[in-house]
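Two complexes follow with chain A in common, the first pairing it with chain B and the second with chain C.
Coming up: the complex of A and B.
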């Protein structure tokens, strides 16, 4: 267990170093998420109230669509020179690889989500009732709900010829429960939480994250071991 | 008596309905130098990947050092066509990462000098030529100090100086008692070190035995014909 944690921390370090060196991935993901929000803001018309009501949904769908870019790219670098296989043969424990890569993706999506919050406020005129604190608490939970199953399915589809299509096809249905909980919690941040439901939705989101992160660690070895 | 470094029994691997190798049975003693040869598409790379536990067989078994293949990975190093590097990291960072992740014993500085990359160690790998990438892959293998080292086309992409480095490396590994498996078309280059040979053709092991391959037989097989298994066969 101690060895897995040690290896995981080294994989995280490698992921962050790679993210920093190849900033294009971060910029592309952020730019794609922002473009989605802009398109939604135009597609939603100019009805201020409707835009505000749906701002949480637009924000999370924008992040989810952009996440496919980031997740796909994170495994493209692994299969390009068979670096993933080299790691497995070192040998690095598959769970350490999964958690290391998932944490790397989580950091990236959290950053993108944090930048998209002020963009949403401006584009959808959705000033959070009661401040930004809860909103910035929801973002990492939502990012975690996408990054764990996303890492899993990016690994699953990375060797396929049609991986760019396969990843969203596999991922989107799976993240629906997490997405619903993230949207509901975010909506309560934007519109106010008169009934005190925020905690319940955040608990649902956290439970979804626990299941997905747990399953990923258990199943990842079946994906990397041919 | 020490168990063989590699023992396969009817090992086969299939890709999308086609058998790349099938029915391979051999035993390579520890400390041996095995040359694997055969025409293009004979299944040499697949056999080496099976022996290196990068692939699991679809039928038969592959065991390393008398046990299952996967748990022996810390004792095995496999060098294939793909180098396993991260392009955005420098050569040194790639090696340091491998050393830390695998808990490897070797010295990064030492292996960089050994393969002649110490002056370019801080450059990102994306700026390396194919030969330099190959040298870096050798450096990572040396860092691991394996008991079983498998090389798939080790001379490919290297210049004459690189060939000399590889020759010296083979001699050193063999002298150290490391079991070495080399798949190459440059049979003459390694035949002096060779203690065993295995010939593959169309996914079948057609010859396996001690010593270097007989030159005449090599000539016939290189043309791609599937002849009778040799008398030394399994």
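Coming up: the complex of A and C.
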């Protein structure tokens, strides 16, 4: 167990270093998420109240769409140089690879989400009623809900034909429960939480994350060792 | 096609005719929906068959990952296709029933949404199988993805009990008119048998496809 944690921390370090050195990936993902928010502004009919009401949904759908770029890219580089096979042969425990990659993607999506929050506030005039604290608490939970199943399915799709089609096709239905909880919790941050529902939605989101992160660690070996 | 499959197919078709007759004539009309309720005699059995088939996919996935025996992968292949077919049929039947009773073909109600998510989850895995050329990888990857996707099945079943839904909750057997119950049970048995027949036929096809693929 100790060895798996050590290996995982090494994979996380590699991921963060890769993220830092290749800032283009971070910038491209953030720019794509921002472009989504701008396009959604037009889809919402440019009515102030409608945009404010839908701001949480726009924010999370923007992050989800941008995540397909980031997740796909995170495995494309591994497959391109057969680095994934090399890691398995080293041998690094598959669970350590999964959690390392998933934590790397989680950091990336959390950063993108944190940048998209002020953008949403400005673009949709969605000033959080209860302050920014809860909003910035929801972002990492939502990012975790996308990054674990996203890492799992990016590992599958990167070695298949038509990988760009396959990743969203597999990922989007799977993240619906997490996405619904993240949107509801974020909407309560933006519009106010008169009935005290925020905690319940955050619990649903956390439970979804526990299931996805747990199953991902268990099943990843069957994907990389084939 | 084996003799057993021909016999079970013939029995299923015969039962299907009897089931339709029972649903259309034996069962009385319902108090509020009148004859519209008769779609229940195919809608409920198809829902049961779809969820049971996706559960077979889960068992087959675990079986393949634990043993790597091809039989499990054939069963997974069969249950994914038959399950998606039943899921699409379920959604169409629900829409046909929903329009005259709810006044809309589709609403983002928890039950309808969860059925859509369930069908899309497994449809994505069918696409995955189509895009992976190596049989071993295809089997393992689709098995892992099926285990993740199966979470939508219990959610679909229980969501009407724990969430506010336009879709009605499961009716207890005792609350039904005896003739309605008879028609429902007969149709459930029929559609279950038809599903088993489709699974067996697709299993054999999957086995033949793999032999051709491996050149054995």
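To be clear about the criterion, the second predicted complex is superposed on the first by the 226 of 226 C-alpha atoms of A that agree within 3 Å, B and C clash if a C-alpha of one lies under 4 Å from a C-alpha of the other, contacts with A are read in each partner's own complex, and residues count from 1 in each chain.
One rule holds in what follows: a contact is a pair of C-beta atoms (placed from the backbone, for glycine too) under 8 Å apart; a residue touches a chain by one contact, two chains touch by 3 or more.
Keep in mind that this is a model prediction, so the values were computed, not measured.
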Practice task
Using the superposition on chain A described above, determine whether A:188 touches chain B (first), chain C (second), both, or neither.
Solution key: neither
Exercise for the section: Applying the touch criterion given at the start, work out whether A:126 contacts chain B, chain C, both or neither, answering first, second, both or neither. Expected result: neither
Exercise for the section: Pick one for A:14: touches chain B only (first), chain C only (second), both, or neither. Expected result: first
Exercise for the section: Considering only touches as defined above, state whether A:149 meets chain B (first), chain C (second), both or neither. Expected result: second
Practice task
Examine A:87 and indicate which partner it touches, taking first as chain B and second as chain C; both and neither are also allowed.
Solution key: first
Problem - Which superposed partner A:159 touches (first chain B, second chain C, both, neither) - result: second
Practice task
For A:61, decide between first (touching chain B), second (touching chain C), both and neither.
Solution key: neither
Handout entry: First (chain B), second (chain C), both or neither touched by A:22
Key = first
Exercise for the section: Enumerate the residues of chain A that count as touching chain B in its complex and touching chain C in the other. Expected result: 226
Problem - Residues of chain A touching chain B in the complex - result: 7, 10-11, 14, 17-18, 21-22, 77, 80-83, 85-92, 225-226
Exercise for the section: Within their complex, state which residues of chain A touch chain C. Expected result: 149, 152-153, 156-157, 159-163, 165-166, 169-170, 172-174, 176-177, 211-212, 215, 219, 222-223, 226
Practice task
Quick one: which bits of chain C touch chain A in the complex? Just the residue numbers, please.
Solution key: 65, 113, 117, 120-121, 123-125, 127-128, 131-134, 136-137, 140-141, 143-145, 147-149, 151-152, 155
Fill in the blank from the handout: In the complex, chain B touches chain A at residues 52-56, 70, 73-74, 76-78, 80, 82-89, 93, 97-98, 100-102, 104, 124, 140, 144
